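Since the structure comes first, as structure tokens, the remarks are kept for the end.
Letters A, B, C and D mark the chains in the order given here, with residues in each chain numbered from 1 onward.
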Amino acid sequence: MGDPVVSIKNLRIALPKGAERTHAVDGVSFDLTAGKIVCVVGESGSGKSMCAHALLGLLPDTVKVESGEIAFEGRDLLSVDQDGWRDLRGRRIAMVFQEPMTALNPLMRIGEQLMEVFEAHDLLSPKERRAKALALVREVGLPDPERIIRAYPHQLSGGQRQRAMIAMALALEPAVLVADEPTTALDVTTQAQILKLIRNLQASHNMAVMFITHDFGVVADIADQVVVLRHGKVVEEGTSEAVLGRPQHDYTKALLAAVPSFDPPPRRSREDAPRALEVVGLDKTYVTPTGWFRPNRETRAAHAVNFAIHQGETLGLVGESGSGKSSVARLVMRLIEADRGTVRIGDVDLTALDGRALRTQRHRIQMIFQDPFASLNPRRKVGRIIADGMVARGTPLEAALKRAQELLGLVGLDAGAIGRYPHEFSGGQRQRIGIARALALDPEIIVADEAVSALDVSVQAQVLRLLEDLKARLGLSMLFITHDLRVAAQICDRIAVMQKGEIVELKPTAALFADPEHAYTRELLAAVPGRKQEVA
Amino acid sequence: EEPKTGGVVNAVIQPEPPGLMLAMVQNGPTQMVSGNIFEGLLRYSPKLEPLPGLAESWTISPDAKVYTFKLKKGVTWHDGKPFTSADVLFSIEMLKQTHARARNNLVMVEKVEAPDDLTVVFTLKEPFGPFIGIFEVGSMPMVPKHLYEGTDYKTNPNNNAPVGTGPFMFKEWQKGSFIRMVKNPNYHEKGKPYLDEVYWQIIPDAAARAVAFETGKVDVLPGGSIENFDVPRVSKLPGACVTGAGWEFFSPLSWMWLNNRNPILANKKVRQAIMYAIDRDFAKDVIWNGLGKVATGPSASTIKFYSDDVPKYPYDPAKAKALLKEAGYKGEKIRMLPLAYGETWQRWGEAVKQNLQDVGMTIETIATDVPGGNQKIMEWDYDIAFTYLYQYGDPALGVSRNYITSAIAKGQLFNNVEGYSNPEVDKLFAEGATAPTDAKRKEAYDKVQKILAEDVPVAWLLELQFPTITKCKVKSLITTGIGVNDGFRDAWLDK
Amino acid sequence: MRQFWRTMLRSPSGIIGLIILVLAIVIAVAGPFYFPNSPWRMVQRPFVPPFTLAKVPLGTDALGRDVLAGLIFGARVSLLVGLVSTLVALVVGVPLGAIAGYFGGRVDDALMRFTEFFQTIPSFALAIVLVAILQPSIYSIVAAIGLVSWPPVARLVRGEVLSLRTREYVQAAVVTGQSNAWIIWREILPNALSPVIVLASLMVATAILLESSLSFLGLGDPNLISWGYMVGAGRTVIRQAWWITVFPGVAILLSVLGLNLIGEGLNDALNPRLSREGR
Amino acid sequence: MLSFIAQRVVKGVIVLLAIIVLNFFLIRLAPGDPAVVMAGEAGASDQIFVAQLREKFGLDRPLPEQLLIYVKGIASLDLGFSFRQQAPVAKLIAERLPATLLLTLTAFAISLGLGILFGVLAARFAGTFLDTAITVLALIFYATPLFWIALIAILLFSVWADWLPSFGYETVGAGYTGLRHALDVGAHLVMPAATLGLFFMATYTRMTRASMLEVKRLDFVKTARAKGLRDGIILRRHVLRNALLPVVTLAGVHAGTLVGGAVLTETVFAWPGIGRLMYDALIQRDYNLLLGVFVVSSAMVLIFNLVTDLVYRLVDPRIEYAS
């Protein structure tokens, strides 16, 4: 290994009073070396972003570096003044942020934002800047560079925006690239492309890269070195093979263990059980009015969707972002109206019902939502959140609350939780509350739309186990929506693959993984990070 | 002093007149501006004696039924056409349609004739004492026949650019800003007017008007332009001159209508109690800054046949309380309608309300704007309502209409809206109007004043005085009984 | 809630605002017990300057009425008008906005046209016309101010509801079979409330100003003394007796200021995004 | 773009029609009518006189018929006739409109310009003394009754210092032309425009400040900093431009309402504008004129809203995309 470009020693960053803990990071040390990618991993809140921001002197005003040292090419970055920072940022150290949606100025053209990098350092003439911008856009593989340069951020897709961000970061060929979860907001196929791009560029420009992620699959694909953070401390550090293959620290081991395996476990077929849910010919096209004198914009979110779920079965619905998974879930739940088609629970046609009749049937099919923060009313106590549905069905409040306590016990929470508000719980705990709410009405079917996607791997594993367990105990059927094929592999009996509103393939899980027929399914499977190098 | 010629005077006009065609619009501001553009047959001295106007001379037949006017020779309209007796005849016909007061004034006229171009003869049905007092410009403005005859009066284009015979000609009106009139070079009185131009400035806010005068932007504040509270201060400013003259013809008298139909107010004792309860000296001293005079009865002291020999009502709350008790008043709610004419009237309403509450009456103030208040009065939907009215120099013109039974009718704003009816009073007022001699008239009026003051059909308040404040350099502005309304004819500027 | 008070009390503007408002309310509620006399009573000679007579510490007005008494009784009217008319605006605006936002589509379109219609007429002009038509009284003033101030509330609530409607916890309520009314009332509105509260605090301030402007034009309730009335009544004599307008003017200024500061404090306290990071 | 405008115009016409109908009845709800007012002014009245006036104004016809006549007039762009003032309503309004526009647009420019400037300063130096001073000052201007500021201003600048004229639109009778005239009007404009402007300035100051602080926290500002851009450029190019979007919206709404909303200022400074015209029309129950003012000022609001939306489209590229 060559000389480190950046060397962080004993970094200690103090958080303001009233924050979760006193220090965002405490005694963190690691090096960045030219031509190598260092992956910093760890749960949410472990201090990854703080390290990254400290590297660019972009810490929030209230957050201060207390002690330690960051050496860059022999200079101590902690004593650099504002002018010094301006000189370094962009030119020597560049950064790519997580959210491609918000990291670009919505009012400026991509080209302008690119050229701004040169302008910031008084380089080149405006004309040369433009030529350079075009070249950069081409280098990161954006199609039709002339158009892209004149486009506004909202006119690009998420992946294109992230490419533009990367182009900006590369503009001045910096020695160090810091990428803070640059692919988390993207879907798998796009993520795979971006990872490849970073890899290639890093090699060709011989950059030192600090790559932040919480996805071990990504780590497996991209990392040379790995740094594992927990609660602001480095718990393990080493080469990729070493950390992933022979983890030393318990925490690392636990994290790795929690990563779902790509091999589907053997499952008993339930095809002969009666059908709990049947979906026939569902069509949904969103029509967005654009004005009186213009054709409306139409998005086809579901087209001739057919499937059935048998009692006790879990059907997975996978596909990339925007393929229509959530739309199908909402159609099944009757949260939106279908243009055509039938949803049948047992022998009741849900699509034919309305108003009160519909409300009385609703309890038979319940939903677990994606975002544990958004799915619980912050102003209602947990007990009421769970009991509300029962009360609406006529259960007296007393009895409903008692049942709520039992349910909380069932999902592994303390019965005292009923008197507390949602914000007093962690993400994983909230998701359990959400599950309790769904169970409260004794449903026959549960629809889970990305129910574990927002959770850290370790918590995700717990919740998945809980779901599996409850399902078996209560004899539930489940429609499980995810974009994470690893998760799908672990929990689904059969999997349906969606693309552009259509189900392109529906097979038992093992069969699908072993023998994907549709080209899109194959593409999807290939894009799963860490595919080649199975972790732990 | 020898008048000097030339100069421009800025005067305030408030509120902005809705129009300047005096034959069709008769509100105060219109009269004030247009009185200098139009003319009547006569003018009146501060003592209300008739003076020559467009009529050079006049004679009254011995039976007091035939009035013959000789018109001045060589008078022309602003557009150069000669003014003749035909214009007079036409004006009278037109005014009968458009000018309610003129129509009332002319009911006694049997016929009007014009034997020649410069003679007009009025023949009355019976003698009518006040007849000689109805020819002032506001009461009977002369209208150009050649511009109005055969047209639709309300849309006649000349309404917006009035053509008269007066000393000033209408020039320009920027709505919301100013009205400008310029010297009539062909005015029939040689040498007059002295001023070149007069600007009437429109300034909606009273305080702003005071400031405008103070900063020298305007030279004339006609009566009522600024709040009374400001009068003492503004009149003490250097170079400011004040006069109370110029209101003799109108002699505004203020009172409160007492709705005699209201069972409580129908009781004479309650009405008298109200008279005793109101501290009119306080109102005069504090609200009107000492201007004006406490009214004694239905007539202002400045008009003809005023009599002082009437029961008086000094401020006496104790007596008021006693009277109310006698009347059996138990605090029933009485609604009071103040006049929405600005601060002074608002303050006055508040003071009176307090006075009445102090003697145990329950008063609720009803707030309305002017039209709302008018409407209520017209529909007799009030208990007590403030007002003030012009007297037009003679009880038969401005006083009797408020008390006689025949003047009771729903849907009118003045006249007998209080609903008082007393055959004795009716008889005496009729006598006063038609008695052939002044002595006979006086006899009737003395009696009626006494009866009314005893009966208190309405609660008289003050004889109002609206001081005109000018820069002292503006001379001879007020020379007649109608004051500023035709004042610029004689005014000149001492430069 | 505790958290809320802590944030509220941490911002100095919030504290100052609260102090001013509490003071004004105390004066309005308790003051008349110390000044049982009607503020309309003519107690002294007119134009007594302030700080010269102990009996009328703030002097007297053009009719010899006690300015201090007027100030105290005026607090009642001004605050009452401010609070009640805001309430009226909320009572109209919140349900309208909630219904528009929740049901969307044609209902939304119709209600928003209706709102737009009210917004298109200049609000002060509309208030003047309404008061003139209904005849000035405390009721008509409150009604008029309420009526011209609800559109922003409706718009705000609609916007909030529109975004809250798609929240997962609202969908969860739908899925568990709750009725629309219940969802709007229990799930959505409580969460839409913070910006509404902030807006409301500012609306109270605006309403006080509006009342004073109406009074200034002579469209106040003639039976009740208010600060706006006092300023309006004193303006013609401002040259001789500054105190008649200045004291009530300052009273208006302070309460409006106080309410604005509270609004700012509330904004900090109720907006978690702002309260977390320091300024 | 064109279709967008056409659509808005159609909607605007519908709103205007609703305004006409509602106000038509609203105005007639008020006690008293023009005939009553004029009877009051004539100093004498009887039923014949009032009835004559009513007939003259067409007030003796049934209400729906009156409405129909009015709407028909509007359809041919005729705002009716003011019998009170013996002139077509359109003419009366047209006479006053320039003064109002001059006043309100100047005030608007002052409030927007100063408001944004102070807002930026306050945000730039957030938490410092300057920030507090600006915030407090803006609040005081906002919290002080408009008419009160006006009174004080007149006292200070007209009476005591004698720098500025206290009333009107120009020096009447001075007959200035050209530059002199412009200067004269300008001198008259200073106080009313400043009074009106300062009040609205407060809103813009606070809004700009809040918006700036909000935008400052957004990710793209971090991106800009990561590029090594100077603070000034970041503030101008990235923060301010984005922060101004809500200000533009608000300004559009304000600009429209300013047209009919300056009654008080126009009263105190004797400014011959629409607001005062409306107030007088109301006091005199000049139905056609009052309705005319409402129609015109509402139309102004709608026009300004449209302009705002168009400006917004220019400033914010996202909007065009969305439609």
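FYI, a residue touches a chain if its C-beta (ideal position, glycine included) is under 8 Å from a C-beta of that chain, and two chains touch if they have at least 3 such contacts.
Everything numeric in this text was worked out from a predicted model, so none of it was measured.
Taking the definition of touch as given, a chain qualifies here only if it contacts chain A and chain D alike; those chains are C.
Across the assembly, the chain pair joined by the most C-beta contact pairs is B-D. Chain centres here are Cα averages; for chain C and chain D they lie 22 Å apart. Centroids of chain A and chain B (each the mean of its C-alpha atoms) stand 87 Å apart. Inter-chain spacing, taken between the CA centroids of chain A and chain C, is 46 Å.
Here the spacing of chain B and chain D, counted between their Cα centres, is 39 Å. Looking at chain C, one finds that residues 132, 135, 235, 238-239, 277 touch two or more other chains.
In chain D, the residues that reach two or more other chains under the touch definition are 30-31, 151, 267, 282-283. Annotation for chain A: no residues touch 2 or more other chains.
Taken together, the chains touch in the following pairs: A-C, A-D, B-C, B-D, C-D.
Residue ranges of chain B in contact with chain D, taken from their complex: 8, 10, 15-16, 18-19, 21, 24-28, 30, 97, 99-101, 103-104, 154-155, 159-160, 174-178, 180, 197, 199, 201-205, 207-208, 211-212, 214-215, 217, 368-376, 378, 389-390, 409-415. Of all residues in chain D, those touching chain B in their complex are 30-34, 36-50, 52, 56, 81, 83-87, 92, 95-96, 99, 151, 154, 158-159, 162, 165-170, 172-173, 266-273, 276-277, 280, 282-285.
Residue ranges on chain C touching chain B, taken from their complex, read 38, 40-42, 46, 62-64, 132, 135-137, 218-223, 233, 235-240. Considering their complex, residues 3-4, 6-7, 10, 218-220, 222-231, 233, 237-238, 241-242, 315-318, 321-323 of chain D touch chain A. Taken in their complex, chain C has these residues touching chain D: 113, 116-117, 119-125, 128-130, 132-133, 135, 205, 209, 212-213, 216-217, 228, 231-232, 235, 238-239, 245, 249, 252-254, 256-257, 260-261, 274, 277, 279.
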